[in-house]
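Quick one: this structure, given as structure tokens, is what I'll be asking you about.
Letters A, B, C and D mark the chains as written, and numbering starts fresh at 1 in each.
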Amino acid sequence: MDRRRFFKVTAATGAGATLAGCGNPENQLIRFIPDERLTPGLSEWKPGICPLCDAGCGLIVRVMPGDAEVIREGQAGIVRKSLAKKLEGNPEHPVSQGRLCVRGQAAIQVTYHPDRLTQPLRRVGARGSGQFEAVSWDDALGELLDQLDALRTDGQEDRLTLLTRKTGGQRGRLVADFLARFGGPAPVVFEVFGDDVLRRANDASFGFRQLPTLDLARSMHVLSFGADFLGTWNSPVAQNVAYGDMRQGRPGRRGRLVQVETRMSQTGANADEWVPIRPGTEGALALGLAHVIMESGARESGDAGRAGRLIEGWSEGLPAHTPEETERLTGIGRDRVRRLALEFAENGPSVAVVAGGPLAQTNGFPTALAVNALNALVGSVGRPGGLVFTPAPPAAPAAVRGEAMAAMAARILEGGDSPVRVLLVDDTNPVFGAPPAWRVAEALEGVPFIVSFGPFLDETSVLADLILPDHSFLESWVDHIPESGTTSAVASVAAPAMRPLHDTRSMPDVLLEIGRNLARPLAPAFPWTTFEDMLRSVFEVLPETGEGWDVWGASRERGGWWRDEALRAPLGTNPSGSAVGMPDAVFDGDPADYPFYFLPYASQAFLDGSLAHLPWLQELPDVLSTAMWSSWVEINPRTADRLGIADGDLVEITSAHGSIPAPAVVYPGIAPDVIAMPVGQGHETFTRYASGRGSNPLAILAPATEPETGVLAWASTRVRLTRLGGEGSLILFAGSLREHEEHGR
Amino acid sequence: MRQDDNQTGATPAYKWGMAVDLDRCTGCEACVVACRAENNVPTAGAEAAARSRAIHWIRVERYWDGEFPDVRVRYRPVFCQQCDSAPCEPVCPTYASYHTEEGLNAQVYNRCIGTRYCANACPYNVRFFNFDNPVWEKPLDLQLNPDVSIREVGVMEKCTFCIQRINEAKIDAGAMGTRIEDGALQPACAQSCTANALVFGDLNDPESAVSRLSRSPRGEKLLSDLGTAPSVTYLGRED
Amino acid sequence: MKKKITSRRRGVGWAALSAVALALGGVAWSGFGVGQSPAPPQRTGSSGVFTPAHASVGEAIRHFFGLREPASQPIAFSHQVHVEEVGLGCDFCHDGASVGPAAGLPGIETCMLCHSGVGLDLPEVQVLLRHRDEGIEPGWERVYGWPEESHVRFNHRPHYIRGVGCASCHGDVSRMGAAERAVEHTMAFCVDCHEQEQASNECTACHY
Amino acid sequence: MNHADSDRMTEDLLRPLSTTSLRYRVALVAFGLVALSGLGAWGYQMYFGIGVSGLNWPVFWGFYLVNFVFWIGISHAGTLISAILRLVNATWRGPVTRFAEAITSFSLVIAALFPLIHLGRPWLAFWLLPLPNDRGLWPNFRSPLVWDFFAISTYFISSALFIFLPMIPDFALLRDRSAGSKWRVYGVLSTGWRRR
């Protein structure tokens, strides 16, 4: 008997049922007087910001009165309060443009999640045992203050460290300022699928240290190197909106998409031409294309300007990168290389984009530079239909980033007195996301005092000594400054859409309160008492945008401040760095023992796994495999035949650093020597919906890093595949579906 | 001043329809969760899903084509086609599944006795049956949309073109004494559709976006040879 | 001789049959036991589940036959006094009717608009005041309304716009003390009126 | 064959109706339990929902309706046998047709159960009947399920007549040999039949 039938009597309805009473148990509970004036059944829309990825889509939140079960002064009862019911894209917002992606639609479940932490917790059991006791906010904050004061009295301010995922916006600025004023190092940022390689490359090539915006709507030819820009990468909603218009927005003119990648992504599935390529050779292909273009005389090497001068042998027309050589490296026929190159050069405006796997190689940085140079060569940078860079609004704080996660872990593991005495963890989960060789969990064991602001118990926050659960994004003041996805300068802001459901507190407010109550106050002290004050002080002074003199009021109304700006041309013509060559990608593992390239990828539902706790996303059939509630590994049909593997068979993926089991999905869109696996499942501790479900591909990754930036090269591991026998727990939506021939045409 | 004059007259004021541009659809599946959130579609959970009892009023079907390396995929969002001669309607013994004057295949939950005949008759597999009583682990239930009823065990359910939004819009238009203007009313899937592939509107208004798209030479009906006369037109890919 | 054997065999047959029967019966009954499986594990901030299922067989049967106790209100509130004597309009307290689907039952704040000053000596009002100090609503019991399984999505607003008087569906409340179910809101009642007023009688006008 | 013989024959024939053996009681209890457990299972299904039947999307019909068709088939077989024997005018058909017609009627009753058990909400099955109601709602006469309802009831009435009419003289015989309540019951069933 499964839990869905725990509730007994099936509902009945009949002739007289329309007269019957409403037998809901709430009637027995007492009703508290609401804190707000509410009219039942009326809904209103309030602005919001989606917190799930760094795209920062503007939301509108449908808010309606509803009855919530609460506990007041230890007394259980119900109170009527306005509750968020539905999220939609904010039609005015330059990034979301009234649309919202699959994850954004599910974001509302973060607020109503049954396993959300409802009050501060103090660890009582051993670390990781998950045994906590409820404590009051006063006690909790008192404990944290004692620790910080202790650091101060010992003159060890530099041994306070904060670990986070997002650094943007005023929230990021507040966090950085807090640490700076306290005397601690800059925040340590951990992201599995971070894009620092591309940022660094864009800085070198064009002088913009940020992700690019693709002006697809005005583009005629898009050449994507492994970038899943319609699925999970960068600013998916904005890119989907633009893509739709690229296809059908201009009567008679339809843009083309060519996707070069090793495993067919959701984006690749939309391509007019899908070009499978040997992993790690995307940069070589880009240079090969550039060679053909320059050779054909369609473009001069000088047209690429600074971006070109960063590439070895560019001014000579890349003599080393002939189509023949390119074919040898990439496995793509020389004629096809020539054709792709000329199409790209001639069907302007065209744009090339690189992200994901290609940049998660040991040669990621040169690869990014090569694609940048290719873009510059055809003059697509800063032009309509090309690669443009979102202008920063006034008062945009510079992103502050401290040392790499791996470095911090290593320092702690050196032994002796931990260099980190107090660690604050905010919305990141390195224990789940970091490769085992970094030994993050072990390192955290060595930290005397860990404080987590996480609203859920995950693999990292379960190690904390103190948990100060943050509000959900619907319950607190939020802000965001999009790095890409629009050509306007945007600063989003939103007031709480609803009152807090539980006894939680907004993390920025907590930081400000701590700053006030330290034995020796911060110097200089923060001029604001709440995050709201801070946001007001920032938005008040923004220039008017025709919304009237009250910029703050107008921004709260619309969900932010934005202003159209001219496209920004690439800066400077003098290379900031010396020219670099195109080294071969180095893979971990001997091809003899580990014959397959292993490609973990950001899953459509869970991204890097931070969303695996949302039931709607667990039950979302992955669009290509139709798998729900599962993790799986994708294998080329021929390879599967050779190894005698069928759909759903349990296989073991083994790298030099560990092995995981997973059910197989025979996947036509993947090379015979590559196997791919979505990231997201395989949580040990992450709410009732994700815990103990599936396997985590990150757990067998090699600790290889991209040398220029030191970020994890997550696509550079080789693995071996063994059939375990028996069925894996693979749940397919299409499994039971009678699909009609006519459907497929 | 009557928001429902249209339904008493000889020709109904509205004929709801949808156009799906497969050249725009990117398989992002925003529609799938948007529908779930709007229409109180219960979450089946892993065990029930494994017994293929998961309910999705809208799904994105994908069709593999060819072999590596020349492999193609085509996406197709599939939901109730709101057929004008619907196989699901004549078979229902209690009129729980019936045709409204505005061209919708209505499913009247309280009239449904659970013969499941309609679902067997439907060639599109878009009707779903509540084999178990749905549960929401508190406080997930606070998200439930009060404008949509919660279906109990033993009743059939399916896409309604967000009838609650249609009725709301009609009430508003009635208050103004006007028609619902094109684009003012969208079901959850179309509103969320990131690439603007789903377009909803009134087929009786020849100038509405959906009417114009439905006349496109790329247009085709799903399983048209069955003669079900769907209100949904699919615009094929252009390559 | 022969007879004996056959008869014994028959006897065996009966025994076997009854055994099977008992087994089947046992299975069927044990099923109910399984139904009482424990609730989902309690985690921080989670309690129980929400479901449209009936709480008990009794409730299911009551709903089926439409049996319903008359509403009993926490205090002896008189509509007659407030409407007839004081002269308040219906939507002074039930302010949702004109703008939205639900008319709504007034919260204690609404009562306090007057009763923070008026009629303080009345015992009923003193109960209200005590409630307010404790931060608790009086907890009015609904007189009308349908169970979830009727799937009725009634909306006051269009009826208000069309000028349908409150009394036509709720009776002359102004002459009642506590509100009584003067009109049985059967489907027939709704359908007849929609018929006369030429309003829509689509199922989906109310059921969705 | 003299009168006494035929009397003894009748005695022997009617003995099972006058006396009930232990064996009979055992059988009654055993089959009663089978029937009870079936009812229990149905109650269980109503209590927890049709899901316990193991039916799934996208094929929504299963064992119950198969079983329905099976029993209908059985009852057809009964009709066929008795009909054919009548057509070929087999003089010895009497006892056989009686059996056959009994099979027809009783298996039909069993068959009629299964569409009900199949329903997701069987307590609303009465909506299949064309009952006048103040909501102006009727069953959908285009639906084969409604045809089913009428077909089955027609078939049952006719086959019940089939088995009843030839039994009238036998009821009369029983009436004449019984007394008290039995006499009253058989009296009604024999519809006042007199032997010449």
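Just so we're on the same page, a residue touches a chain if its C-beta (ideal position, glycine included) is under 8 Å from a C-beta of that chain, and two chains touch if they have at least 3 such contacts.
Because the structure is predicted, anything quoted here is derived from the model rather than measured.
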Pair exhibiting more inter-chain C-beta contacts, A-B or C-D: A-B
Chain closest to the middle [Cα centroid of all protein chains]: B
Centroid spacing, where centroids are CA-atom means, of subunit A and subunit B in whole angstrom: 31
Rounded Å distance, subunit A centre to subunit D centre (Cα mean): 67
Intercentroid distance (Cα basis), subunit D paired with subunit C, Å: 42
Rounded Å distance between subunit A and subunit C, as computed from the means of their C-alpha atoms: 45
Numbers and ranges of subunit C residues touching at least 2 other chains: 35, 40, 46-47, 49, 51-53, 57, 64, 101, 148-152, 186-187
Contacts with 2+ other chains: residues of subunit A: 1, 3-15, 17, 41, 69, 114, 688, 736-738
Multi-chain contact residues (two or more partners), subunit B: 52, 95, 110-111, 125, 132-135, 137-141, 144, 152-154
For the subunit C and subunit A complex, residues of the former touching the latter: 34-35, 37, 39-41, 43-47, 49, 51-57, 59-69, 95-96, 99-102, 104, 107-109, 132, 135-137, 139, 141-142, 145-152, 184-187
Footprint of subunit D on subunit B - complex, ascending: 51-53, 90-95, 111-117, 119-120, 125, 128-133, 153-156
Residue ranges of subunit A touching subunit B (in the complex, touch as defined): 2-7, 10-11, 13, 17, 41, 64, 66, 68-69, 83-89, 98-102, 104-106, 108-109, 111-114, 230-231, 236-237, 240-241, 243-245, 247-248, 254, 264, 266-267, 269-270, 272, 274, 276, 501, 604, 615-621, 623-624, 626, 628-629, 636-638, 668-672, 688, 693, 729, 731, 733-740, 742-745
Parts of subunit D lying in touch with subunit B, wherever the complex brings them together: 49-51, 55-61, 118-122, 124-125, 127-128, 137-140, 142-146, 149
Residues of subunit A defined as touching subunit C within the complex: 1, 3, 5-25, 27, 30-34, 37, 39-42, 69, 72, 77, 80, 114-119, 121, 132, 457, 502, 687-688
